[in-house]
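Some structures to go through are shown next.
Look at the two complexes coming up: chain A is in both, with chain B in one and chain C in the other.
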Partner chain A sequence: MNKFSQFLVALAAGLSVFVAAWFFIHAGHRGSVPAHAEVSPAVAAATVKPGGAPVDSAKCILPTDYMRAHHMQVLDKWRKDSVRKGNRTFVNPEGAHFDKSLNTCLGCHGSNPMFCFMCHEYANVKPTCWNCHLSPMEVSQ
Partner chain B sequence: MSQNRREFLKKAGLGALAGLGAAAGLFPAFALEPTDSSGFTDAPVPGKVRWGMLVDTRKCLGNCTECIVRCHHDHNVPDFGHTKSEVKWIWKSGYENAFPTASTQFQNPEVLERQVLTLCNHCTEPPCTKACPTEATFKRWDGIVSIDYHRCIGCRFCMAACPYGSRSFNWQDPRPHIKELSNTYPTRMRGVVEKCNFCSERLVKGELPACVVSCAENALTFGDLNDPNSEIRKMLAANETMQRKPELGTLPSVFYII
Partner chain C sequence: MKKVLKPLIAVIVLALIPWVGITYGKLDYLFAIVIPYAAAAILVLGMLFRLVDWIRRPVPFNIPTTCGQEQSLDWIKTNPLECPSNPFMAAMRVLSEVFLFRSLFRNTRAELYGGPKLVYGSYKWLWLGGLAFHWSMLIIVIRHARFFLDTLPLPIELLETADRFLDVTVPAFYITDAIALAAITFLVLRRLSDEKMRILSLSTDYFPLFLFGAIAVIGISMRYVTKVNVMPVKALAITLAHFGFDAPEPIGVLFYIHLFLVCVLLAYIPFSKLVHMGGIFLSPTRNLPNNSRAKRHKNPWNPDIKFRTYAEYEDEFREKMKKAGLPVEKQ
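Up next, the complex of A and B:
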């Protein structure tokens, strides 16, 4: 093999590396939404302003069975929505409106200070909610 | 093939460069991305809120700490008892500490002795949010620079980045150092940074921030800076005002009447 063909081989290798890198870098970008395309925050701010989100804590937001199994996912989503996106209003399938806040839950469940702890103790789970949030054990809601 | 590693890498690099050049020629967008200039304007965006505050230092005189006490109570701000680990959301600074670059030559001595109320400026261009590696602190849709305490890892980059010293770190568990627990806001845990949140928890309910409400002298005006008809904008238009360290280009949302 002469010098020139060696050069061509190396050039081809470099090109293929570049093409691979190109596709690697741009692989995840197709179809993803650019960050600034979300228009909701401005709208949310306008709707959130006076009076705040309606709170209807007379009954549970979703059926007891569902909440028993999925309250952690619900709370996690609420946290993201209310803290980071400003979307504070939860509408359940019956059309009732709730404020996406731990206080919505504690509005009723706070009446039993042991409500959260009994089950967490039994299931031996240690959520970190009460490191910061004040539980009904510490402050009457 | 008698070719050493160095030779091969040289030629491969040349090939990659050629590919790059070809790609830039084929897809001009890749070579030079058009600059989105919409982010540069500081003109108010219609329908978008930018909360701001105006502190009238002519009214905020003496040793009154009503707003500080009220804020620190409502937000469960701990008192560790010594200045080294002090946690503060709103506090008073000497005039020259609050406005270190403002001219003080032949200034009215009464003004120089004033204690200026200082808090997070909720900058339009906040340096702290850019320093945060976890995006725990971020600029909200309504102009408030907020901290998501769930995400803060306590690296304190934001404290280094903030030119106003508005951020405090919890070196210890703050719970035992809170005099009276208030159920209006959660506490923090050890190892997170905290600061003023412009009372976002009160704004949601349509209430004014705790400091504004607690001020007996009405020295604090709070409102939407993007609304030309808001009280704060009228006050800003009618008075000569200052921002802290304006030369940094952080565009603070807290203004001062001297």
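Up next, the complex of A and C:
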């Protein structure tokens, strides 16, 4: 193997790693809607065709355990869907409809102004949500 | 091939241990509290043992490696970094080696370049790959302080901000994650792609690479893909940082695999090539100043010789010498 081909191999290897890493990272965003919701054709159709007004639900859109780990990816997907694609309705696996908006979350979770901050402060996480959005702490209760 | 497969299988088996233990054995406490403390203890004691052992070794000769003009007459230009003449410059040389890998910058590679002639050429990729790997690993380790500290000190926060400044993906993408993965891939491929490297490489060369790779892949996966609830992780990290023994809340099994592999790595460091992180400071070819002409280097092995002067000899035998008629210096 001469030097040039070795260089090419190194370049290809490096590129493949970056491409793999890219897909790896972006694969995570599909996780914002659970996989079984995507494969179910009925739910998929409902996602494409918004079915009615957002429900003001007392229940969270997805199970608590899932939301604790994945809420940032859900919100990121919601932002892309609603702002860039105009798809503003989220249908959860149970078939309930939700407006893809931070206000949907804050409808329940805004009652505690520290709801977001307690964990984020504890885990030293600095989300960029409040660069644009009013945080629950800033909204007068 | 055996040299590659054995460490690969070892890492896979090591990754399966916590998976089995957590899923079937409910051994959360063992993997969250007992093993991390044990690994940390092995690391600290092992490194202490190694370093104390090396510090106590005598250095019989002044043997710095040099590649520059030694300090000589005033009108001869010296190269103080390549041939340090005082301890300060020797320390600078060690630090430049530690932080910049200067000796790897001189790395060459021999190749049969189109014929029977062996050609040596500069090969800086190892330097670049090693530097990228070590620095990104250091930054990743420092970044983990956000789990172990209640409030982040400003320097670490700045480092983290710089690392995520691309501001793509949620959670924010860290540049060092990609660099570390790319560098590990390169370092593995470097050993695999060349016949000479394949012969030289041992399974103990591949094992740390695979271990680092597995730790990095699982850590990255936990951040971006198969997410883990970070609250109990933080609680556990705080517990460990405060030397507590409280049982952790349930955490995803992937976290335990990550933690267990890190523990294996920590415990493995003092007994493997990874101990170079401490040994580089104690290498006499690097940490000694090249001043053997200006200062006498005393060999600690020199036996303590009892000298007897002629005066002492004469003191003992003076009377006998006088009787025999021998001349004495002192009457």
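Some notes on this structure:
By our rule, the second predicted complex is superposed on the first by the 84 of 141 C-alpha atoms of A that agree within 3 Å, B and C clash if a C-alpha of one lies under 4 Å from a C-alpha of the other, contacts with A are read in each partner's own complex, and residues count from 1 in each chain.
The rule is simple: a residue touches a chain if its C-beta (ideal position, glycine included) is under 8 Å from a C-beta of that chain, and two chains touch if they have at least 3 such contacts.
Just so we're clear, the structure is a prediction, and the values are computed from it rather than from any experiment.
When the two complexes are overlaid on their common chain A, residue A:V83 makes contact with chain B while staying clear of chain C. When both complexes are overlaid on chain A, the residue A:M137 reaches neither chain B nor chain C. A simple residue count on chain A separates chain B from chain C, and the partner touching more is B.
Shared-chain residue A:H70: touches chain C; no touch with chain B. Touch criterion met: A:A123 reaches chain C, while chain B stays clear of it. When the two structures are aligned on the shared chain, A:M114 is found in touch with neither chain B nor chain C. Common to the chain B and chain C interfaces on chain A are residues 1, 6, 10, 13-14, 17-18, 128. If you check the complex, the residues on chain A that touch chain C are 1-3, 6, 9-10, 13-14, 17-18, 21, 24-29, 31, 65, 68-70, 72-73, 75-76, 119, 122-125, 128. Per the touch definition, chain B reaches chain A in the complex via residues 1, 3, 7-8, 10-20, 23, 45, 47-49, 76, 138, 140-142, 146, 148-150, 181-183, 186-189, 203-206. Against chain A, in their complex, chain C makes its touches with residues 111, 113-114, 121, 125, 146-147, 149, 151-152, 167, 169-173, 177-178, 181-182, 185-186, 189, 193-194, 220-221, 224-225, 227-231, 234, 252. Looking at the complex, you find that chain A touches chain B at residues 1, 6-7, 10-15, 17-19, 22, 41-46, 48-53, 79, 83-86, 88, 128, 131-134, 138-141.
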